[in-house]
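Each of the next two complexes has subunit A plus one other chain: subunit B in the first, subunit C in the second.
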Partner chain A sequence: MKRNVAIIGGGQTHHAARRHDVSQPEMVHEAVLAALEDAGMTIDEIDAVILGNMEFFEGQHMTDCWLADSIGAYGRSGVKITTGGTVGATIIHAGAHHVASGLFDKVLCIGFEKQEEGDTNAILSAVAHPLFGRSMAGAAVGFFAMLASSYMANYGATEKHSAMIRVKAAENACKNEYAHLKLTITVEDVLNSRMLAYPIRLLEMCPASNGACAIILADEKTAKDRCKKPVWIRAMDTAHNEQFVLEWRDTKSTSPRFSEVSASRIYKKLGVKDPKSYYDVIEVYEPATWAEIMWYEDLHLCERGEGFRLIEEGETNIDGEIPVNPSGGVLSTNAIGATAMLRIWEAALQIRGDAGGHQVPKEVRRALATAYGGTCWTALTSLSNSTDD
Partner chain B sequence: MTQEMYDQELINIPILVDVPYRFAAGRYMARFLRELRDNGKFYGVRCPSCKRVMIPPRIVCARCHVKSDDWVELGNEGTLEAFTIMFFPMTDPTSGKPHNPPFAYGSVKLDRCDAPVDHFLNIEPDMEKIKVGMRFRAVLKPREERIGDLSDILYFEPVKGK
Partner chain C sequence: MSERVGIVAVAQTKFSPKRGDVNVAELAYEVIERVLNETGLKMERDIDNSISCSHDIWDGQTISNIGITDVIGGHLRTEEKMAMDGSTAVYYGAIGILSGEFECTLLLAHTKMSQTDRNVVNNDAFEPIFSRMLGLDFTSAAALQCRRYMERFGITEEQLAMAAVKNLANASKNPSAYNFGNYSVNDILKSAIVASPIHEMEMAPDTDGAVAMIIASEKRAKKITKNPVWINGIGTCYDAYFLGDRDLTECTALRRAAAKAYKMAGIDNPLKQVDLVELSDEFSYQELLWCEGLGLCDLGEGGKLVESGMTMLGGRIPVNPSGGLLGGVPANVMGLNRVAEAALQIMEVAEDRQVEGARTAVAQGHSGFCGQHHCVIVLGK
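So, the complex of A and B:
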């Protein structure tokens, strides 16, 4: 990058299924205030505002205009970004480009979703090709159910492994004051929950949350002057699959997988040989339990087809060798437009040592955050407490 | 109602957004749909560079970024790559109405093709009876009912003995 870029502050709302007490702009404003307070800044110091959410989830076009007042965009530079589920990460990447290029010094990045106000599944199904299978589209749950049935058939993972992922998420979420679902559940509870789309049950799928996240990015000089614990963005990468080619449903396919392609590029850029030892914590985007297992493999934490062994051996627990989603992850909180940004924000909190109850019990120097968009592209972000990495 | 209750009342307003769309299939997809409608056949296109056969057929191969114009007739049978049994009354975004759960649907890779098509599986929605790797055959609507749309496929049914 031309100039180093740091996260100098951030914040999030308390996430919930019902927020009738606030309109969309009012809810988003809560995260903006939290981020400004965390950074010790006023809105007047912000040079540009970047906002994003899922297109039309709340039935509202041009959210950047409707929200101009509450996000502090009035009279300011800025842009709206919508890249599906990756949007929270793409906003950060765009903000980082704005700062790295020298165009701006302080950029406020915001992702939000008020999912209760629209029909998430109907709109997600409209991501499918309009003339080739949209009628059959099963939104996110159908997608991950197909992937899971293929994965189980090919590699011998069982529904119990999926349930173990869910229990880990629940245990971690109970330590996270901002998480939406804080459940006390066992593997049996997960396996006894209502089937949505075989093999995915209610508890194996993320909730529909209302919430927002905001992060303030700054150049190196501002960060060093203004922030005690800047978290540096050391690498970013986006990779796309072919959206309407369904061959990735075959988990044995040898075709390049977008998420693996992206991770490989990040590792090459940073000289990462063994991601499990390079990173101290990872926040993955797992709308369903099975997605977390896919990420283990795509991020090269293990060999292809071995992902379910990691959860079996507890390696990704909060006190494991490589903690994954100490926040409770997407399975516990999913305000989609905020979700990918929350992965980055939670990773930054871990590096700062400010994660509170869900801080991993070791020194955290580097963290990786992932995202899914339309399940066919990803945006990865690698963070560090040092510009030396 | 006390004044305090009145002051705390929150209001939600329902709005229905009903927006019609009309999509142009383009020359390639139109040929695929014409063959399906008029001859009951599936066609894909082969990339001249990487040689994979693609559906939905499209002008450019994403990997090689070269024009594909070698049309290949595919089999009406194929192999199940992935499936699910939907228990949730998911809205069909083409109609606004839910399909009737539970029902099975899956990704079937037609013979001579490198990408699958998703459709209903005409099989008892029982996870013990559906296996990845099973053979399925496309069953189409009668010719006079076909309109040139993927819904011209009624469903895929298991091929007996395979």
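So, the complex of A and C:
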């Protein structure tokens, strides 16, 4: 990028299953106000506003238009981007492009979803091809059920490993005041929860949350003048898999998988040899427990087929060698349009040392945030407290 | 801009009411294949990223770019979708290249309007609490804007019809257009009223189609073609949402978007410095109103401008030599089609609709009812 770009502020709503007290614009406004306050700014200082959300989830066409007043877009430059679950990260990438281009100094990025106003499972089934896929589509649950079955058969992981991921998420979420689900649960509770599609149980799948996240990006001069703890965006990468390449849902497939390809590229850009020592904390987008285990492997935190060992050995716990999702992750909070941005914001809070109850107990210099869209693509964002790396 | 971004190729399908022979991806591939073949560029080797413009609700598929991942070169690569008018792909694509992240970007806009019902889709853009139940859609909202425009400035039905006469005649010279002909003002005014005061012949018909474009950094553009079209200015702006919160004749967002693009391009007198304009006239009144917003005339003078003949092909500042949207351009595709048509003019390959000596062109697109979000692109030789 031609200019360095920093996160100079951000904010999120308290996420919940029901927000009958607010409309969509009112809910998103909460996150925008929180971000402006965190950055010590007024909306008048913002040069451009970028919004991300999926119109089918709420049945509202052109949400950016409806929300223009509540997000401060009135009279300002702006665009709306829609890339599925990745959109929160795509919006940050778009904001970074805006700042790096030299045309804008301060850009407000917003992701949100008010899932209670739609039917997520029905809408996610409509991701599938209308002629060849929709009649057998099982939304996100069906997809991860296939992945998980394949993983267990190939590598000897058990349902207990999945349950351990869920318990870790719950324990961390209880420390995060903004998390949606703050459950006190055991491995047995997870294994006794209702089966959705073998082997995925209710507690192993993310919830449908209402919530929003907003982040303010700025150029280097503004960041240094205005922000005590700027967090720098050091690299970004996006990769998709074509939807009919079904083979990679077989976890032993040798076909390139979007997540692994993207991780390899972003490590190459940054010269990362050992991600486990390079990063101090990682926030992954895990719509289901098994996705977190797959991320361990795709991010090269361990060898292929060894991901479940990391949770067994506690390496990804909040006080482990490489903490993953100290926030409680997507299993605890999933307001889809905001979810990928929350990964980035939580990673930034860790670098700032401002994560509060779920701050990891060590110095955090660098963090990686992942995203998951449409079951087959990602957008990765690498953050640092320094522009030197 | 310190550094320039160039358009190196454009391709458009012929727009038609129903393309039952192709699905959305096949429709998109028709134009993607053409821009790649024309430039000799290879997807894997030369294209750094892709941006598409479409709406899930028009496509009938959630996160609908999943349906075009393969044809747009998204497999294991960077592809992003904007849920806005196609002009914004040029805006965001240019920003991506100026950021230094990318050097060569494929842009696409596609819609098959035949697959759904525009009134239902448009009604869903009205929020569910106060206005959706009223049954408003883009056409009825436009009728309110048109009526306000006529009342405030004394714009006449005849002046609005003159824009339609001009554009339908221009469209007969455009091979992509589907709707065209030589009509009189009387013909237009005799057509059925769709939503008073808008007549059927003053409204863009539903069509299916796609437009693709390749843009590149200055260095790359010069290597790809001898005849790049430079993106000299870009601007976007949102207006307020609720119709009651806006004076629908003020063009606030368009004037601000144009001011940004003009400043970047060094334009202070568009009437003198611009050779042609391609704007998004979903309804004939929008041509007059957007001409005001783009600063081609003073507020309220749009009627006189069209009457003067200055905006005709061969006039001092031709507006929509392509025939504009009345020729039949799909929703969301319309803005990228405007930029593509303006680029063809600067390349001097617009054939029968060519504006002589075109060196600077302005293209405009909008999203939302009554033009809530505007995007202005200034192109030059």
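Some observations on this one:
As a convention for this text, the second predicted complex is superposed on the first by the 388 of 389 C-alpha atoms of A that agree within 3 Å, B and C clash if a C-alpha of one lies under 4 Å from a C-alpha of the other, contacts with A are read in each partner's own complex, and residues count from 1 in each chain.
In this section, a residue touches a chain if its C-beta (ideal position, glycine included) is under 8 Å from a C-beta of that chain, and two chains touch if they have at least 3 such contacts.
This structure is a prediction, so every number in the text was calculated from the model and none was measured.
A count of residues in subunit A touched by subunit B and by subunit C gives the higher number to C. In the superposed pair of complexes, A:G271 makes contact with neither subunit B nor subunit C.
Contacts of A:G59 after superposition: both subunit B and subunit C are touched. When the shared chain is aligned, subunit B and subunit C each come close enough to touch A:P130. In the superposed pair of complexes, A:E242 makes contact with subunit B and with subunit C alike.
By the document's definition of touching, of the two partners only subunit B reaches A:D21; subunit C does not.
Shared-chain residue A:H98: touches subunit C; no touch with subunit B. By the touch criterion defined above, A:A145 lies against subunit B but remains apart from subunit C after alignment on the C-alpha atoms of chain A. In the superposed model, A:D250 lies in contact with subunit B only, and not with subunit C.
Using the contact criterion defined above for the overlaid structures, shared-chain residue A:N154 touches subunit B, although it does not reach subunit C.
Note: residues 59, 123, 126, 129-131, 242, 244-245 of subunit A belong to the subunit B contact set and to the subunit C contact set alike, using the contact criterion stated above.
Those residues of subunit A that touch subunit C in the shared complex are 1-3, 23-24, 49, 54-57, 59-62, 64-69, 73-84, 90, 93-94, 96-103, 117, 123-124, 126-127, 129-131, 236-245, 256, 258, 261, 373-374, 376-377.
Listed in rising order, the residues of subunit A touching subunit B in the complex are 20-21, 59, 119, 121-123, 125-126, 128-139, 141-142, 145-147, 149-150, 153-154, 194-200, 242, 244-247, 249-251. Touching subunit A in their complex are the following residues of subunit C: 1-2, 23, 49, 55-57, 60-63, 65-67, 69-70, 74-84, 88, 91-92, 95-96, 98-101, 121-122, 124-125, 127-129, 234-242, 245, 252-253, 256-257, 260, 264, 367-369, 372-373. Taken in their complex, subunit B has these residues touching subunit A: 10, 12, 15, 17, 21, 23, 25, 29, 33, 54-56, 62-63, 81-88, 90-96, 105-107, 109, 114-120, 127, 131-133, 149-151.
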